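Read the structure below first, then the notes.
The first chain written gets the first letter, and so on, giving A, B, C and D; residue counts start at 1 in each chain.
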Amino acid sequence: MDVRGRRYTLTISCPDRPGIVAAVSGFIAGHKGWITEANHHSDHGSEWFFMRHEILAESLPFDLEGFRSRFASIASEFGMRWQVSDSAAKKRVVILVSRQDHCLYDLLYRWRSQDFEFDIPCVISNHDDLRGFVEWHGIPYFQVPVTAESKEAAFRRVMQLFEEHAGDTMVLARFMQILPAWMCEALPGRILNIHHSFLPSFAGARPYHQAYERGVKLIGATCHYVTALLDAGPIIEQDVIRIDHGDSVDDLVRYGRDIEKAVLARGLRYHVEDRVLLHGHKTIVFK
Amino acid sequence: MDVRGRRYTLTISCPDRPGIVAAVSGFIAGHKGWITEANHHSDHGSEWFFMRHEILAESLPFDLEGFRSRFASIASEFGMRWQVSDSAAKKRVVILVSRQDHCLYDLLYRWRSQDFEFDIPCVISNHDDLRGFVEWHGIPYFQVPVTAESKEAAFRRVMQLFEEHAGDTMVLARFMQILPAWMCEALPGRILNIHHSFLPSFAGARPYHQAYERGVKLIGATCHYVTALLDAGPIIEQDVIRIDHGDSVDDLVRYGRDIEKAVLARGLRYHVEDRVLLHGHKTIVFK
Amino acid sequence: MDVRGRRYTLTISCPDRPGIVAAVSGFIAGHKGWITEANHHSDHGSEWFFMRHEILAESLPFDLEGFRSRFASIASEFGMRWQVSDSAAKKRVVILVSRQDHCLYDLLYRWRSQDFEFDIPCVISNHDDLRGFVEWHGIPYFQVPVTAESKEAAFRRVMQLFEEHAGDTMVLARFMQILPAWMCEALPGRILNIHHSFLPSFAGARPYHQAYERGVKLIGATCHYVTALLDAGPIIEQDVIRIDHGDSVDDLVRYGRDIEKAVLARGLRYHVEDRVLLHGHKTIVFK
Amino acid sequence: MDVRGRRYTLTISCPDRPGIVAAVSGFIAGHKGWITEANHHSDHGSEWFFMRHEILAESLPFDLEGFRSRFASIASEFGMRWQVSDSAAKKRVVILVSRQDHCLYDLLYRWRSQDFEFDIPCVISNHDDLRGFVEWHGIPYFQVPVTAESKEAAFRRVMQLFEEHAGDTMVLARFMQILPAWMCEALPGRILNIHHSFLPSFAGARPYHQAYERGVKLIGATCHYVTALLDAGPIIEQDVIRIDHGDSVDDLVRYGRDIEKAVLARGLRYHVEDRVLLHGHKTIVFK
C-alpha cells in the first residue's frame, strides 16, 4: 500500500542538448500525465544528461506497455538509455548473508513494516544459523555452503536460485564471500554490497582492524554496486560515525553495525525506487 | 567570476496542474535555451507547484527584459508568481551587526573570497566597535545608535541607508535589536536573521542559557526570514552540534558561534542564489 | 559474555571539595583494584562532583557486599550518594509497547546479539499485535488493555508485572499512553521514554505533524527519564536528521523511526551501564 | 582572560598498573589542589596508561617549578613521561601559509576573539599575498620564497624565524609545500597540518579531484601531526560533509574550506590545551 498512489517511474540518460526536458515533459503533458516528482542532472564534464520522473499511473490513458511503445520515438531521437517501471510491481530482492545478522534483521523489519516497497523472494546463506528467523517471517531460506573446492558450483547454485525466484536485485548483507567475476558481470548495477568502511579507505579484509590501527577519528560504511574489482564498484551511499581513543576494535565492530545497516537500507531504497543512475563508475542518486 | 558562466534564474510558484513543466521547458527549448540546473516541487497538501531553472544567458537570443516580456503570457496562463534574475547583477546585501563579530567576520571572508556571489554595499551597526575591520575591507560602515527613545528614528535611518545603498537583502548578523513591525512588513522575504537556537526551541532572549538550563544534548542555530512575529518567520536553514554535561554556558556560546556562522552563510547563499521560495510560513529550498 | 571481564561499576555524586578522587582511588589502589575506566565531572555552578569507575572484579579481594561495607566510611565522610553494581548481574529491562514496533524490534535485536548487556524479563502491551514476534524470541508477552475507565487498574497491573519480573528499568518503546503520576514517582530515574521530537520543541501529541507545520529543516528524537511532568524529564540522549520540503508527514514518520530507535538504544545502553547520573532535572552522561 | 582562572595542566603517560591514579590524586589532594577537569585512558592492547588533569593554580602552595620538583619522584616511581604547563603562558603558534587564506582567516579570528588561548608570534608564507590582512591584525609577516633550488635554505630560514619568535607549535594552514624530513624530526608532535581529505583516503596531491573521480558521497578533512612520512602522521581530528552528484570539483573545493578550517581549529585547540597525547602513531584526545 502506497499512500501516494500507483506511479510509473521513468529514468533517462542521454547526451545533453537543449530540448530534452521539453520533449519529455511535452510527451507527459500531452497525455495529461500528472508528475509527482522530477529530477534532472547535467554532467558538465561529460555533457551527459540524467532525468527521473514519477508520474501518477491513473493520470495516463495507457499502461506500461503503452507507455513504452509511445515513448520509443522520443527516446530514439535523443539517443536515450531509458527505462520505465511500475510501482505496483515491487522489486524482488534476494538477500545473501553469512553469519552476521544485523543487516538482515534490519532489512526484514523494513520489508515487514513496508518502510519502502520491495519483496524478498528468498534469503540465501552459506550457513544455516539464520534459518529460523527468516522462516518465521514466511520467507524461504536456502543454505548453499561455500568451500574453496565447491566455490564455483556454489555460485552457480546461487545464480540458479536467484533466477528461479525471479530476482531483480541481489543484496550482499554482510555476505563474507567474494563473488566470481562472471556473476558480477552477469548482473551489472543489480548487486549491492555493504562494505564496513568509508571507501576507498580500508578496502578488503578486516576494515575495522585497519581503522583501529590507523587511528582514524570516524568510521564509516559504504553501499556500492558490485563489480569484478573488489570494493571498487560505483558508490551509492556512505556515512560515518565518530569514535575515540577509548574504543576497542570490538567497539568499532559493535558501533559499526548501526551505520552499516542504515547505509545499506538507504542505498537499497534508492535502488529499488529507481533513484540511482549509473554514469561510468559513479552514480547519480536522485533523492 | 563565475566559472559556470552568466545565468538567468527563473523561479515560479503556481497552482499545480498538468502541463506546467511542458510549457516552461517548451518555452526555453523553443529559444534554444541551455538549462544548467532545474528543480521542481509539488506540494500535495496545497496542490501548489514550485520550480526553479538556471539557464545559460548566452544561449538565449534575448536579454532579461526580452525574457520577461516573452514569458509573461505563459505566466499569466498558469497564474504564476514568478521572477527571473541575472547572475551578473549580484544581490546587494546590507549587514546589520551589534558587537558580536563572528558572523560578520565570516560573511566578509566569503564576500572577499567569492565563496558565493553577493555584494556588501555597507555595514550598519548600533556600535562603533567593528568599523576598523569593515573599512579595512573597503566597505562603508555606518553607526546608528539605538536607544529606547531613539528607536523609531534609528530604524528610519537604517531604512534610509538601505535604500540609498540600493539594498536587495538585509542580514541581521547577530544584531541584538528587534526590528519594528513596519520594517519587517516593508521587506517581506528580504530580511534574514540568525537565531542562536534550534527553533522553535528557545525563542527570545538568551537561548544558550535556556538550552543549558534544560539540559539538551545538542544546540543549534536557525536562519529564518524576519516577520513581525519574533523568531517565528519562515525557516531557511538549521543545524546543530553535540554538547555534553561538561560544557558551561560560556562553552555553548563559544561552540555555538561556529554553527551560527555556518547556518547563516548557507541560508544567505540559498537566498542570493534564488533557491528559497516562500510558501506561506514555510520555505522551499532548492539546493 | 563480555570480553572485558566482570567489572564493578561505582558511581558517586557529592559536594565538590579537594580530596575526593584521592580518597576513592586510594581506596581502590589500597586493595589492588584495577581501574578499566574512570570519569569525573565537577559542576561549577552547583559545586557538585560526579564520578564513575569501572574496576575489574577479579582484581579485588572481596565481593560486592565486601565492597559496599568497606566503602561506606569514605562515602559517609564526603556525603556521597553512591552505588556499586556488578556487570555479572544484568539490568532487567521491562519493555512497554503499543502497536508501533520499530523500537521493540531494534531492542530485541540488540538483546539477542548482546550488543550491550541487559535482560528483557517480559514485554507488556495494551495490544496483542506484537505477541508472536516477542514470543519467538522466548520472551513472555503480556497484554494489558488500557481504556479511559480501566486506566488506573491497568497501570496497577503493569506495576505488578514489573515487580513480579523483578524489573530494574522500564522502557516506553513508543508506548502511546501517559503514565499516572504515582508510577513516575515510584520509579524515579528508572523509566525511560523515547519522544519523537527534539525536545523541548514539539512536546505532547503528534510531534511530526507539529514539525511539518513549523517547517523545520531537521527532525529529532529524545530519550529521557519519565517524570510526572509530560515530556519534561531529564534528557539522556538526543539526535536529529535532515529533512527537506519534499518530505510529507508520512516521510517524517518513516525517517523518524530510524532516529528514534537509535536514540533509545543509546540512551538505554548508557542507563544499563550506569553511565547516567542525575543532577536535578539534568543528566551527567559518562560515555 | 579565561573565566575559569589560571590552571596547571598535567599530562602523563606510563605503563599501566594499579595505584597510578591514587598516587597522582593523592599528591594533588595532599597539597589541597582543586581539580577542575580530569581524564584517564587505559590502552588495553599495550597496557599503557594516559592521564590529564587541570588544577587551579591558586589552589596550590607552589609555582610551576615547585610542582615539577615535588612531582618528580612520583613520576620516576611509575616511569612516567609527563609535563605540566601553565595556562598563563599561552602556546606560541607560528602559522605557515601559501595563497589559500581560509584557514588563516579563521585562525586569526579565533586568536582575536580569544575563542581559545594561543598567541601568534608571526605568520610565514612563500608568497606575499596575505601580508596586508595579517599585518592589519598587528602580527608580523615574513615572506620566505620556496623554489626547487632554494628549498633547503628556505626551510632553514623558516626554522630560524620559528626559533627567533620562540615558537612552540607550527601550523601548516594550507601551506602547499612538503617539509624536509629534518624539520619534521626536529619538532615531533609540534607541527600540525590540515589535509583536505578524510585520510587515509586521498593522501597526496589534489585530494578533491581524487574524491570527485572516485564518486564518494562525503568529503572530509584531517588535522594530523606532521612526520617525515607524507600525510601519514598521527591523526588529531577529522570530519566530513555530504556532497552529491551535482557538485563539481570547484564545489568540493568551496564546501571543503568550511570543513578544513573547522577541523584545523578543533585540532589546534586540543593541541594548545594539552589535550592530545601521542601513543605511537596514534593519538589520545581528551576532549
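Definition applied: a residue touches a chain if its C-beta (ideal position, glycine included) is under 8 Å from a C-beta of that chain, and two chains touch if they have at least 3 such contacts.
The model shown is predicted, which means the values in this text are computed figures rather than measured ones.
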In terms of mean CA position, the chain most removed from chain C is B
Quick one: compare the interface residues of chain B with those of chain C and tell me same or different, with half as the dividing line. same
Quote the value, from 0 to 180 degrees and to the nearest 5, of the angle by which the CA atoms of chain A must be rotated to coincide with those of chain B. 180
Approximate Å spacing (C-alpha centroids) for the pair chain C, chain D: 37
With centres defined as the mean C-alpha position, give me the chain B-chain C separation in Å. 41
Touching two or more other chains, which residues of chain A qualify? 37, 44, 246
Taking the touch rule as given, give the residues of chain A at its contact with chain C in the complex, in rising order. 3, 37, 101-102, 105-106, 109, 113, 115, 136, 246, 250, 254, 257-258, 262, 265
Any idea which chain A residues touch chain B in the complex? 18-19, 21-23, 25-26, 28-30, 32-40, 42, 44, 59
Chain A-touching residues of chain D, taken from the complex the two chains share: 41, 43-44, 198-202, 214-218, 220, 234-240, 244-246, 248, 279, 281-285, 287
